[in-house]
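As structure tokens, here come the structures.
Below, chain A partners chain B and then partners chain C, in two separate complexes.
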Partner chain A sequence: MIKRPKPERFRLRRTMMFMNAQRPGLIKDAYIYGSDSIMLDLEDAVAENQKDAARFSLYHALTTIDYGSTEVIVRINGLDTPHWQEDIRVCVAGGADGIRIAKCESADNVKTIDAALTEAEKEFGVEVGRTLIIAALESPKGILNAYEICCASERLFGVAISGGDFRRCMQTKFDPSGIDMLAARGQMLLAARAAGIQCFDTVFTDLDDDEGFEAELRQIKAMGFDGKSIINPKQIRPVHELLAPTQKEVQQAEAMVNAFREAAAAGIGVFTVNGKMVDVAHIPGAERTLKLAKACGMYEGDLV
Partner chain B sequence: MKNAVGRDIPDFLLENGKEVYQGKNYMDGKYMQKVGPRTRRYETPQESKLVDTIADALRQCGAKDGMTFSFHHHLRDGDFVVNMVMKAAIDELGLKDLTIAASSLGSAHDPIADYIEQGKVIGIQTSGIRGRMGQVVSEGKLKTPAIIRSHGGRPRAIEAGEVHIDIAFVGASTSDCVGNSRGIGGKSNCGALGYAMTDAKYADHVVVITDCLVDFPNMPASIEAIDVDAVVVVDSIGNPKKIASAAARISQNPRELMMAEDVVKVIASTPYFKDGFSFQTGAGGPSLAANLFLEKYIDERGIKMGWAIGGITRPMVELLKKGKVGKVIDVQDFDLDAVNSINQTPNHFEMSASQYANPANKGAFVNKLDFVVLAALEIDTGFNVNVLTGSDGVLRGAPGGHPDTAAGSKVCVIVTPLVRGRMATVCEHVVTVTTPGDCVDVLVTDYGIAVNPLRPDLIECLDKAGIPHVTIESLKEKAYSIVGRPDDVQFEDKVVAILEARDGTILDVVRQIKPFTL
Partner chain C sequence: MEILKSATAGTLESSDALVTVEPGEGIELELSSSVINQYGRQIRATILETLDRLQVQNARVTVVDKGALDCTLKARVECAVFRSCGKSASNIPWGGVIR
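Let's turn to the complex of A and B:
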């Protein structure tokens, strides 16, 4: 049986690739494509009368396939279904890194899941608190309650917006400009950053529209998202490339961190790098840039 | 005697100077004696060489027991010619003890299995052998061991007289009444006729079989009337649907696309990827998709491909039309786009199999090749490749140009998924060595890339480009960890097929399969 290492709450998650947990051909080695996380779906991708079969498939995948450093998250069925408790048990028993709450609308939703996870962790002898949570906001109510949701659990590493359901609730549809989701994306980002957790964008479903996909990526990068849900391996590379820092940003970040460490050792708080004022407040951002650069193969130094 | 890839070759096969495989380019610089055919003179001017039936053509060419008939495989799985000729020879003329020397054979030739079982066909020399024929040969029912040669090894053997062709049968899409023949212009078009060219020059007799007679002279002719004894017009030489497929769509399979891109990344990391480079790829999913990514890298670097060879498919024709490759030289066409392009698109030329791949001549294209991208049924930790026998030990494939291009090229990339169903593609020992490991440079799988330790220069290229790679042993272990470690395939002692390296030495043998028992 595969024992996965303890999940890291805040790690690199540029891409979360969705796949049906019931399709062995998909899940047997989904890690080979290099997405940061994979999202094994027990919810919408699985027909109502196949939920049990999907759980068996999922359990055996989790316990026999070595996904290596790829994070393994499971999207469980909603709290309004008869499935979610059993879903949680199978995720914990199988050792999934985290679960995704579909249609999350309140802090109570998160707390309910948190409690069920604790119970399951005790039942299966898993370290309490090991299993992480990501909450999917899919409705106006979820977006309005974003901040309380973001603060609801120590297990929560991030929130994600789910475009399909959200647009339906808002009586709008996909718009290439992003105007359809602008307010919701913005509100969710504010809440996530205020709570100090990560924030992820929805899927882009037109696999043939490369330009549209790139335009959306540029927008969410500019807004400050950590990553994006994806539905096909071919989307991995564009996301990783477009979310990567530029060569110039990497050089600047490296210079800032180096200068800061030297200055700190010399007892200096504020200094300049390449003509720009730098103080301690800039350093986490610079370190994040370097970490991202390292993950993208653009930085090989040892500052991070 | 053990050969350079560790295969035990029985001594009884090492007669008349036959040697075991000694390593790549072993025959370099040696002299060979070419043979000439014994041909009939046609001095009296004749209006036409048309004869009514294949049986008549056989009689005219003095067909008799024990002869060797040759065929090409340009009609691929749509071919009717082999079956028509063998039926006429055996059922109408009552001939026996015949040998078929074909450039390749496929499941279209299943009926020949009956003639093997009846003992009428006693020898098979081919590159490919599949379907029922592969099965009966593997069961030991062919009287003499089949001889499997590469596409370059075959013209070498013909020119050296190791196979003497009594009558060459050339299925042609068009012919005129004296035998000037082409692979285009008719109803069963196949494009190039490169595999038939050496046959026509070295066979004692040549019979053209066509289903589209055209006015004299049929030019430019792939097979020239000066070599042809008789022309037979039949209803159909093949099923056009199976001769040249409609253009294969570029794969949408993410696994294949990922491997294809990795292949091109590897290629682009080498110093040979520069303006004027040369390239060959197969028609499999990842190989075809490699064309797509290649174009992107060509554009990014602002370079052009100098020339491409091989079996040609649409993506290469498109690159030619866009001016991104200088010349395409073509021994065979795999799809209708290639068929319709050869000798029509400027700079799309036809060549013979000998010019393509014969290692014993003085200028084979494969020996000027920079890159080749190839598939594999199996590859072992010595980088030896098998493209001939299945995991059950039965003949079901074809070396084709694989060993020739691998040996001749500067960089040979094998692309294959790590496992197929429950079979490990990367394994400890391939069932049959069809391309020796000293000719294979890089392996690209969906689980990682491995470089042959014989190529430290390429390892350096990949490292410089930041392309991760692992050992082939670790890929093998990964494969076994997924599908399990298989038991060795069980064989009887009897040798049913001899596998010649491109230089004519013996690379491996295939033995009779043992019925499976638990």
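Let's turn to the complex of A and C:
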């Protein structure tokens, strides 16, 4: 049986790729594409009369296939279905890194899942607290309650918006400008950052519209998202490339951190680097840029 | 486990297998596979081991394999057996007889 290392609550998650847990052809080699996380789906991708079969398939995939450093998340069925409790049992028994709560609308939803995970961890002899949670916000109510949701559990590493259901609730549809989701994305980001957790954008469903995909990526990068849910391996590379810092940003960040450390030692608080004012407030951002650059293979120094 | 009624699990998609279990006398296995010449013995052994682990002693089992990995074969056989007993939906012994 494959024993996965203890999941890391805050790790690099630029891409989280959905795949149907019921289709062996998909999940057997899901790790080779290089997405940061995969999300094996027990929810919408699995027909109502195949929920049981998907769990057997998932259990053996989790315990047999070595996914390496790819994070393995399972999207479980909603709290309003008869399936979610058994979904949680199989995820914990199989050693999934985390579970994704679909259609999350309140802190209570998260706490219910948290308690069920604890119970399952005790049942299967797994360290309590090991299994992480990501909550998907798919309705106006979920977005309005984003902050209480973001603060609801120590297991929660992030929130994700789900565009399909959200747009339906809002009686709107996809707009290339992003205006359809702007308020919701903004509110969810504020809540996630206030709570100190990660924030992920919805899927882009038109696989032939490369330009539209790129435009959306630029927008979510500018807004400050950590990553994006994806539905096809061909979407991995554009996301990784566009969410990576530019060469120039990396150089500036490196210069800033270096200069700050020297200045701090010399008792100086504010100074300039390449003509830009720098003080202590800029340093965490510069360090984050360097960490991301390191994860993307663009930086090999030892400042972070 | 006792096979009470006929049940199936799986599909005929590539990398999958369609497993049918029915009440029978002793274990009767009918296997067809797209890779029977290469892996027939291994597939048969995996199916029989899984049935043995579930303590199924009497069943007529039909498997149409489309190049499934061992872990998929196990999952499909187990699901079909649990379905035939009406026990596939909850309280599955993960890590117990399912392993």
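By definition in this document, the second predicted complex is superposed on the first by the 295 of 304 C-alpha atoms of A that agree within 3 Å, B and C clash if a C-alpha of one lies under 4 Å from a C-alpha of the other, contacts with A are read in each partner's own complex, and residues count from 1 in each chain.
The rule is simple: a residue touches a chain if its C-beta (ideal position, glycine included) is under 8 Å from a C-beta of that chain, and two chains touch if they have at least 3 such contacts.
Please read all numbers here as calculations on a predicted model, not as lab measurements.
Novice: Report for A:Lys234: first if it touches chain B alone, second if chain C alone, otherwise both or neither.
Specialist: Touch partner of A:Lys234: chain B, not chain C.
Novice: Which chain, chain B or chain C, ends up touching more residues of chain A in the combined arrangement?
Specialist: C
Novice: Check whether A:Met1 is in contact with chain B, with chain C, with both or with neither, and answer first, second, both or neither.
Specialist: Touch status of A:Met1: second partner only.
Novice: Tell me the contact category for A:Gly275 with respect to chain B and chain C: first, second, both or neither.
Specialist: neither
Novice: Quick one: which bits of chain A touch chain C in the complex? Just the residue numbers, please.
Specialist: 1, 23-25, 28, 51-53, 55-57, 59-61, 63-65, 82, 85-86, 89-90, 93-94, 124
Novice: Which chain C residues qualify as touching chain A in the complex?
Specialist: 9-10, 13-16, 68-72, 74-76, 78-79, 82-83, 88-92, 94-95, 98-99
Novice: Considering only the defined contacts, which chain B positions touch chain A in the complex?
Specialist: For chain B paired with chain A, touching residues are 254-255, 257-258, 446-447, 466, 482.
Novice: What part of chain A is in contact with chain B in the complex they form?
Specialist: These residues of chain A touch chain B: 29, 32-33, 232-234, 297.
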